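The letters A, B, C and D name the chains in turn, as written, and every chain counts its residues from 1.
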């Protein structure tokens, strides 16, 4: 058991180091002095601000130090929670910007991921080997999973917000409302949250439904399913077993598709001007606010690693085979 | 009479047409009888075993009847058969090692199965434990997952589970083929023990290995190319077979003591016919040294002596 | 005359994550094969018999000890010299369907030999060479050439592989369970084919789990248990006067056609039951993947019992 | 990106003990049998025809367009019309949506083929090597695969693309290919493992074949259907990643892609103004191509895997 966790943690540690190194290396790999390029591309009227920025960047990049020292300081500031300063919202630290945006993204991402996983698996299991359901639901599933996240968001926004006026076009809450824990504010939050959530949910739902349907069909062809049939077990029992077994790879899939769902969340936020990480990153990209981009990247990495670890733990709890296998090799 | 099979025909659907894997077989298995069913691969023996309990998706019922303890089995009806499965007729499949759901504890699986058949798991538990012990398993296996058991242990578990409700007929499909000689013997003896203790009334043991059948079976039924060739007591089949196929087959089997240098055995030339468009008449005709014109007509499976059935014109005459 | 000689050959497998554990699959096995003789390696699963075959064929490395061919250690063979080795030593394996690449035609195995070993041979000459070796294994070219593996029977496929080996100038053939997947009516003919090859001067290592087959074809017999030799010698001596209890147990467990298991003498029976019980426990651990290093008890030196007959000493504890 | 159409085990080519190996039945040779099932498979036929139609459109379309994709000069925000060849209408700046659409469609196929192809190539090299060599080589490759698998590659691409001064369609495709291979490598490694244990590999060794020959001439041909299906999934994934990157503002410079069309339409409030002809076609095209590829993939799976065939 411990060996297994240590190995997993080892992989995550390596991943983290690789990601941080890449994050640090990318600006260095680009031709020319990145600071000059950066400052040159920022359109600031006030020469004092430009001067200020230049010095700030020189310090942040530590360009005058040997490479290994620059790398070392990158880690040091990282562990101090210092991800640099935003240019666009100078002098707000990147960490502050991210921490403000994070709740909105998580509020979309977590419910959309978990609910789509749950509902998709239920539907997929229902569709498997039931001709009519399979033939009607499956095309929808494929269409959904092939839909770019932003396009569905655009369509939903256009139809529900612009054409029908049922939902707001964007933003996280009514700008006229005061930010407080009042009923009015919370309902405004929920009202604005719904369309982006639905959009994320639907695309992910298609993928899970199809995955489950295919897995179940394979499970129903497994030897244990045939044996149960031969012993006259009702289809209900066999399908229950098949569903449970098919869920296991779907749990692993949850970790594997996380990157894609995050990408989906980012672009969905852009469509709805929803003030999460995606919206921030979009602003940062269009304004060349590099520290924000790099900072968000590191945050996403950390989030994904944590999520992977949680999935690992869940998997061990759910699948007796890994549990026993580990005990066997550990003794 | 425990099992009566009458002119049973089951084909396999393929692109090119029907493969006549089981083309009209008629035989019976008596109460308490262990019947061995032997033949080469593709002769239809497993098809026969499967068709009595569970049709796979490619199998097609063409005709005939199977009667167990006086009741006709609705073998063509997947759902209708559920009333008989497990309680009246059961199977230890070829894939016994992978027959248990890997993610369910064996005890829970058994309980699920019993509940589904309207039997109280609690009530069966003492008997289940007793039988596990009888086959040399610690009842603690009920709390284990299949992966914690060895292949042999899984097979014994399946044997106990399949026979828990004392079915009238148990089909054991190639259960010794993947085993070492020492374990083969133990499994064979376990099967006989099940019959002797009344866990099963009758047994149908399907295998390609005649010498195993000689050890454990009361009677042996030889199949060839989708049809029956010969049925008699094990002793008779081995020492005085009457169908030319059986005779040639037995004379081709080496035994400890027979050596190439001293006595060179010979096989049967040729191969069995394809069953997609099987030849008219006796299907062994092409390989048979005794074949004559008469063999263009299929020989009936008739009783030539008491409890000795043969499908050959030479013998029927 | 070249001799294939194994001298205290051992094989250790690294298992577990990053090779943390060791499994001793073959222990200090020594024997030699002369041209013109068939030597049987007999053992149950886990006896290391197939590993020995693979080591002889250089498909698996030797951990300790040496295998020499005419005095040359085969471990040192590199590209060119390895090719020369394969000109003289070839193998045929258990599963005919696995031995052919399923997406190509079966006779592609001949083409591979031609590409590697006879690139300059003209087409006509090559075809007559193929025809000659097909005749040697009694195959009709019309029936077997230009067909996919699934269109041929297991027996035909195994013969084709032997014919493939005969295209080369082979002196030794490793035949690993080559007939265990064939049907009873055709397997004996393939076995007889090995006898004919022996008469042509080939040295054959015949690997099998079936004692009756080993007894039938081989001049000398080696009984393996858990990677080590327990008994070896002239076939008639090993089978006629078995010394090691394991050999006795195997002999008693083999299902025979004319004597039944029950007819065993009771003393031997008791001894055997004990041994086969411990046997199945080991099987359990091996199957469950819990690796148990073989105990030291069986690695004991072989002692000459009579001329041309050695057996491992049994510790009385 | 989505691996939802789970790749199945390739068909088990070892025939079962029963029903019999039927020489007559198999007279229909492997290829013809596959073709028979392929033509009967509605999913495959549907997926293939949609994909090919779109491909044809991508090839021919730019020649039909009456205006350059980035040219201004049309009526601003015009709905689709037959006048002046603005069949798909114009953008808010008066650009030809049809010209942009077909250009984007062409880029879609380029990114998909190139990105998917590179990913498939890396996946094959890593998967084959790990599966065939085993041991330490496998341990190391496995580690690398796992690391790349865990890294949210989209976020990584985002940072890289943001720093690139000039972004080309080829660079985009190459970077997508470099980051999306891990699951393919994993799947191929497992396949290779199971094939290496087959006896025909040993037979080839004893016929004097080198490791490279064995991998490419014995093992790989056995996986051709599998490799093709894998490429399809990688293709679809690359298209979706590219569209997302483009939408976030990191698309290729000097041209226009479907993702960029969507970005510009959102940026210019085309939704609020109801310029549906601007943002509906690009997304629809992506969905049609990727969706039909996925459907085609299921169809192929059914064709190649006898277990899923319906008689």
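Everything below uses one rule, namely that a residue touches a chain if its C-beta (ideal position, glycine included) is under 8 Å from a C-beta of that chain, and two chains touch if they have at least 3 such contacts.
Small disclaimer: the values here were computed from a predicted structure and weren't measured.
J.: Whose Cα centre is nearest the centre of all Cα atoms in view?
T.: Central by C-alpha mean position: chain D.
J.: Could you tell me which two chains share the largest number of C-beta contact pairs?
T.: A-D
J.: Roughly how far is chain A from chain D, going centre to centre by Cα mean, in whole Å?
T.: The answer is 22 Å.
J.: Whole-Å distance, chain B centre to chain C centre, using C-alpha means?
T.: From the centre of chain B to the centre of chain C is 31 Å.
J.: Return the distance between the CA-based centres of chain A and chain C, expressed in whole Å.
T.: 56
J.: Would you pick out the residues of chain B that each touch at least 2 other chains?
T.: Expected reply: 41, 148.
J.: Where in chain C do residues touch at least two different other chains?
T.: Counting only residues that touch two or more other chains, chain C contributes 153, 288.
J.: Which residues of chain A are in contact with two or more other chains?
T.: There are none in chain A.
J.: Chain A touches which residues of chain B in the complex?
T.: So the residues of chain B in touch with chain A come to 53-54, 56, 81-87, 90-91, 93, 95, 98-105, 112-113, 116-117, 145, 147-148, 158, 161-162.
J.: How about chain B: which of its residues touch chain C in the complex?
T.: Of all residues in chain B, those touching chain C are 40-41, 148-153, 180-186, 188-189, 208-212, 214-215, 238-239, 248-250, 252-260, 264-268, 271.
J.: Which residues, counting only chain A, touch chain B once they are in their complex?
T.: Spelled out, the residues of chain A in touch with chain B are 222-224, 226-234, 237, 241, 244-245, 248, 319-321, 324-325.
J.: Could you please specify the touching residues of chain D with respect to chain A in the complex?
T.: Going by the criterion above, the answer is residues 1-6, 8, 143, 146-147, 149-156, 158-160, 162-165, 183, 236, 240-241, 243-244, 247-250, 259, 262, 265-266, 271-272, 274, 276, 279-280, 282-284, 286-287, 289-291, 293-295, 298, 307-308.
J.: Within the complex, which stretch of chain A touches chain D?
T.: Within the complex, chain A contacts chain D at residues 11-12, 14-15, 18-19, 22-23, 26-27, 30, 37, 139, 142-143, 145-152, 154-155, 157-158, 161-163, 169, 206-208, 210-211, 214-215, 217-218, 221, 249, 253, 256-260, 262-264, 266-267, 270-271, 281-282, 284-286, 288, 290, 293-294, 296-297, 300-301, 304-305, 308.
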